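After this come two complexes, each holding chain A, first together with chain B and then together with chain C.
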Partner chain A sequence: MAFRASEAGHRKGDWRWWAALIALLSAVTFAGLFTSEPYRTSTDVLMPPSTQHWLGTNAVGQDVWTGLLLAAPNTVVIAFTSAFLALAIAVFFAMASAVGVPLVRAGILRTVDMFQTIPAILFLLLVAAWVQPGMLGIVLIIGLSAWQDDVRVIRAAVLRESTRENVQYVRHQGGSWLYCAIHHLIPAVWPLLVSLYLQATRHAVMKTAGLAFLGLTDPRLLTWGGMMQGAMDHLYGDAWRWLLVPPAVCLAMFLYLVLSLGKIAERQSMARSSVGP
Partner chain B sequence: MSFGLLTAVPKAGGHAQIPELLRGFATRLAVFLLLLALTFALPRLLPGDPVELLHSSDLMRELTAAEEQQLYRSMGLEGSWLDQFAGYMAAVLQGNLGYSIQHGAAVSQLLAHALPWTGLLILGAMPIALLIGVTAGIEAGRCPHGPFDLIATGLMTCLSSVPPFAWAILLVLVFGVMWPILPPAGAQSVMPPHGAVQRAIDIAWHAVLPMLSLALHEVARFYFLCRGEAVGLSSRPFIVNARARGLGGLRERIHYYGRNLLPAVLARLSDSVTGLVGTVVFVEIVFSYPGLGGLIYDAIGDRDYVLLQGAVLWLAAFVLLMNWLLDAVVSVLARRG
Partner chain C sequence: MSKGRNALLGIGGLGGLVVAMVVMLADQPDATQASAGEHVLVITQADGDQGLLAPFAHRRNGLGYLYTSYVFDSLVGQDAHGKVAPALAESWQELDGGLAYDIRLRQNAQWHDGVPVTAADVAFTFSYLSSHPYPFATVEGIASVTVISDTQIHLTLKQRDASFLSHTLMALPILPEHVYADQARPERFTGLDAATGSGPYSLISYDKVQGRYLLQRNRDYYDGAPRYEQLALVRMAPDRAIEAMRADEVDIVSDLPMDRVEYAKKQGLNVVTALGNHPVRLVFNSGGSLSDRNLRRGIAYGIDRQALVKIVHRGDAVIAETGYLQRGSPWFSVQSHPRNYAYDPEEAAVLFETSGWQSDDGVWQAGGRPVQLRLITDKRHAQMATVIADQLERLGIGIALRVLERGALQERIASGDYDLRLSSSSAMGDPNGLRDRVLGDNWRSDRYADHQGDIGAVLDAQARALDAVERKAILARFQTLYAEELPAYMLTNPYLATAYSNRVHPYYLPDGVAIGIPLALPKSVFLASPPLAGQ
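And now, the complex of A and B:
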């Protein structure tokens, strides 16, 4: 996927985003290596930023900078994985509703309608409150509650592509729909999938942060949203400056980065469709 | 589902939208039943049960076997799953959602006190979001890539790339703590003033920040929608012609753009309710607002699952009813043309 999107990265002016993304991802990947200090509690509670603690300490004396680094991979991995899961489900349902018998089609579309009328956060609240999910749990529940908005979009694109000669030819030659999907339909709608994937990633980041903010995730799982929740008790003192601002800025930067990548992918798919046959 | 019955309704003429509305209602009913089934199944599927959970909390003293049996019965955990489900459905349909031990009150009573506050925030935030979003969208779409468009689109991009609760916190910090001109928490003063008018002013004053942060999230939705549509309109002959005749100002914005944007905006209104309900939970928590979201947060903290389920069910019923009503209004308006 990254290779496809990077074709757009060669366009003038877009390289900046790729530099930023690579910087961020490598920072995330190596965060664990660079933090020699463990994230442990100490008696230095609510210390303002100093040379010893770059971003100060929280209410139980943990170093905020170390926390930010340790939370980064969790936040990023959850976002990208759960978005992948959501999109995979959406693609499956879109394909099934595009080529399936009328009963299957009606069933899927009606289910989509059902899920779209209600905020996903209500499902998330119920399930998360009982399960207190860790990393895998969050990926699962966010992935399972975020597919419904993409089904119709992908279905429309698949329907358009399935009327083309190549697909018709394969079908006449006896190729199965599965073969068509893998070799013809998915490659044809790939640019759309890339931009939907990035959009789903953005929503997943917000949902994860939201769940952590509500205190619904496993308390041992460190995320930026969870760090922001911890800072809520310190709004009326000075401590929010180093407890709230750093994770909020990290979250906003990551979201903005994904949004910008999405725009690049969109521009690329528009350029393609205007050049293509 | 009763689709056979629905198709029997004549589709001709003005009745065309009735089957559509009924189908919408059936869909929403199905969603609600699904949620009901989920609230029933979750506690029973997962290890442990509410009684054991109470034992592990500090709310419970040692119980005799008979007392424990009594507790199981009162929580509807006796008998086979089927019996339990029938009992649960009957209770919910009668409006009995159980008893919150932590709050010492019936769940439905707690919720009845909280729902008006949540409703106030949502109904207040929607016009704000509409007004700002649509006005800015038209202004930006009138001159695509003009200075206003560049600034507004950048701003809206920032707005939509920060989670809603982060905006709420920012507003509390700026207008409640650093520059305290508005009350940062609660729905009314600790000692509410006497007199209906003063009290209404007090409540409105406390609702400003929560409504604003709730609206901010939806502003971006309407902005991008209206901007997109307005960009398309800007190249249409009737607008090019009107501008060539020197039309401008409010008349151009309201009668030429606004009227043509109406269907698109109306069609999105029911989506917007869904979005607002999703956000209101966070906003109420940040502002310690006494609505359903605040109750949900307390319930999570206290592990008060009876209250949590009740609150989620009420919120779901609220959103389903609201977006169905909006759909109905929109389809009636669409019929009028």
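And now, the complex of A and C:
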């Protein structure tokens, strides 16, 4: 009984954490919408931080602080959704190949092989030749070009979990694979999914920056990854301090938030399964 | 157990192999190390491989052409000031008011394999190039070639050509008949013997992957043995090259970025700078969406070029002249520019309204819809493009900016799928090249839709004007027309820099090397005594 009470308390505390983290994330994400400062080029090129430009200016005289705020929504939305998309596809294929009939398994795994062998950049260049995507397009492109590497990893974990007694028991009792997946398999591989999600988020941020150089997007689409990439030309001087560090810190904080959310979600699912219905 | 050990040994062996390979790769002989010997002059540039240094195999750009010119001589060369000077041709005489030329060749010129250079080689070259066109000059204007003796040749032209000496004969490399006569597909002839020239240096090794060349001095060169025993042409990023030059491993950094000049000077390196006369220009799709010249002019007035100089070039550039030719060119005319397009947003607005655009709350509309122009460029001009897009958006014109890979860029240009594009090419060299640069359909050219035919007519007229004063007057008219019609808007003319050691003294030529190449590496830099102008 005591055990149950403390878990329940933990759970309540977690909800507060959830709320706080999500509020913080939204604040970061949408702060840019409230900035009145336009992100304009100016002749104040590569100015160090000052009272006029809190975080200095970049190579074309744009204010770095304004850039950080304006980049937040793009970065967060693209990273969150495209990583989610990639992971969802990966989980689906991993589950299907783990529990499916041999033909399905072979089909999925050979498809994965194919996608893993063909460099994603070819796919991106091909897409670049045909479309000029908007925000949704970018999410789709990144999501669809990043799922293949996770399939085998998740599949291995799912295979291991599917041999456990609880899963076998549910199957004997007539539970469907979908039921097993939702109630047993996914919770069991949750920590793995969190870490893969984090990785996918990080990749998505940097990939968005790279898309502009493939001609896929307007290079002025502001993201933290793009700001970091722009800063790379200034590593030989002092300017990297105000060009590279601020977006890198923002990105690190963002990833930490994602990680924290993942951990909380993990604790909750564990608490839920141990508390029972 | 033993299986496990075998596997372990296998992995260990594989690891060892990988390590050995890495060490071997890292230990590859480096051309820069060769500079420890005092006879090798090491020249670096950041661009990749330029192809084999033979006329049909080198990359079709200025650097590929320049490197090849060390191996292949032309009939006419340049002196240390860039003026026309004898090369394989010792002297020449203009006959029939410029319709024919008598050319006398050097007695002592030899191919790198020891065979003498004769008039038959020259005649062969002209006939060979008429069936295998060379991208940098054409022999179309030559009506007949008569070999008079081993060292004398008579040429007749179809019509007068003001740039016959300073462009055609200067740009065309002379080919050895005994090497090229059997080559039906010279672009596939890529053995080292394809690089058998008569120039001051012969190619002795070429590493395509690394983009490295080692050139050996031609001791029997007709103008005397060149100054340096060997030239090593090496690909290296400028920052690394500066450090290598400090360690005395590199002699010339031919593409020193302007923002590294101060640093290089602080490191005790010599630096020479010059206006590149290789302006960045905003090309309009004059055959499509921007066929109305008032729109082109309006956009020109709406761009603050002073800001571009400050932001993009950090002040290391000047505002470009709008009549294509730049200050420094012998053909430039100060008086020929009625419009210098000083930044004037109000004038821009007037011109847009003249062309039927309406301003709605600061946003320009055409046919009831907001104006959205497509601006395309390559990575090199991405920063410039960002600033221009920003300036035009401030003016109320929406911009869709795309930075494209070269292939995609060429395709977009060829299909006319753009409104604005950034480009840069040389404004130097003989004005004969202007026709191609303005009216040609090359992806680098303006591809100007010359419906009136004015610009084409003026460019034809200057090509026939043998008198330099007359030619300059006609070219002044061209510059006026260019600035008025605005096939492209010349934005900025950046400075270029070259760093060099105390063993060599590179210099920029006022009108560029040969076809107008803006590098401080004319071949006269490497000769014991640079040729003198005149005949």
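Of note:
The rule is short, and it goes like this: the second predicted complex is superposed on the first by the 153 of 277 C-alpha atoms of A that agree within 3 Å, B and C clash if a C-alpha of one lies under 4 Å from a C-alpha of the other, contacts with A are read in each partner's own complex, and residues count from 1 in each chain.
Please note the rule applied: contacts are C-beta pairs under 8 Å (C-beta built on N, C-alpha and C of every residue); 3 or more make two chains touch, one makes a residue touch a chain.
Note that the structure is predicted; figures quoted are calculated from it, not measured.
Applying the stated contact rule after C-alpha superposition, one finds that A:220 touches chain C and leaves chain B untouched. In the superposition on chain A, contact of A:41 is made with chain C only, not with chain B. In the superposition on chain A, A:256 contacts chain B only, with no contact to chain C.
Touch criterion met: A:209 reaches chain B, while chain C stays clear of it.
With both complexes placed on chain A, chain A has more residues touched by B than by the other of chain B and chain C.
By the touch criterion defined above, A:236 lies against chain B and chain C together after alignment on the C-alpha atoms of chain A. Note: residues 125, 129, 213-215, 236 of chain A belong to the chain B contact set and to the chain C contact set alike, using the contact criterion stated above. Contact residues on chain B toward chain A in their complex (touch as defined above): 27-28, 30-31, 34-35, 38-39, 42-43, 46, 157-158, 160-166, 169, 172-173, 177, 271, 274-275, 277-278, 281-282, 285-286, 296-297, 299-301, 305, 308-309, 312, 315-316, 319-320, 323. For chain C in complex with chain A, the residues that touch the partner chain are 239, 307, 310-312, 314, 379, 382-383, 385-387, 389-391, 394, 400-405, 408. The part of chain A that touches chain C in the complex is made up of residues 40-43, 45, 59-61, 125, 128-129, 132, 212-215, 218-220, 236. Across the interface of their complex, chain B is touched by residues 110, 113-123, 125-127, 129-131, 202, 205-206, 209-210, 213-216, 225, 228, 232, 235-236, 240, 244, 248, 251-252, 255-256, 259 of chain A.
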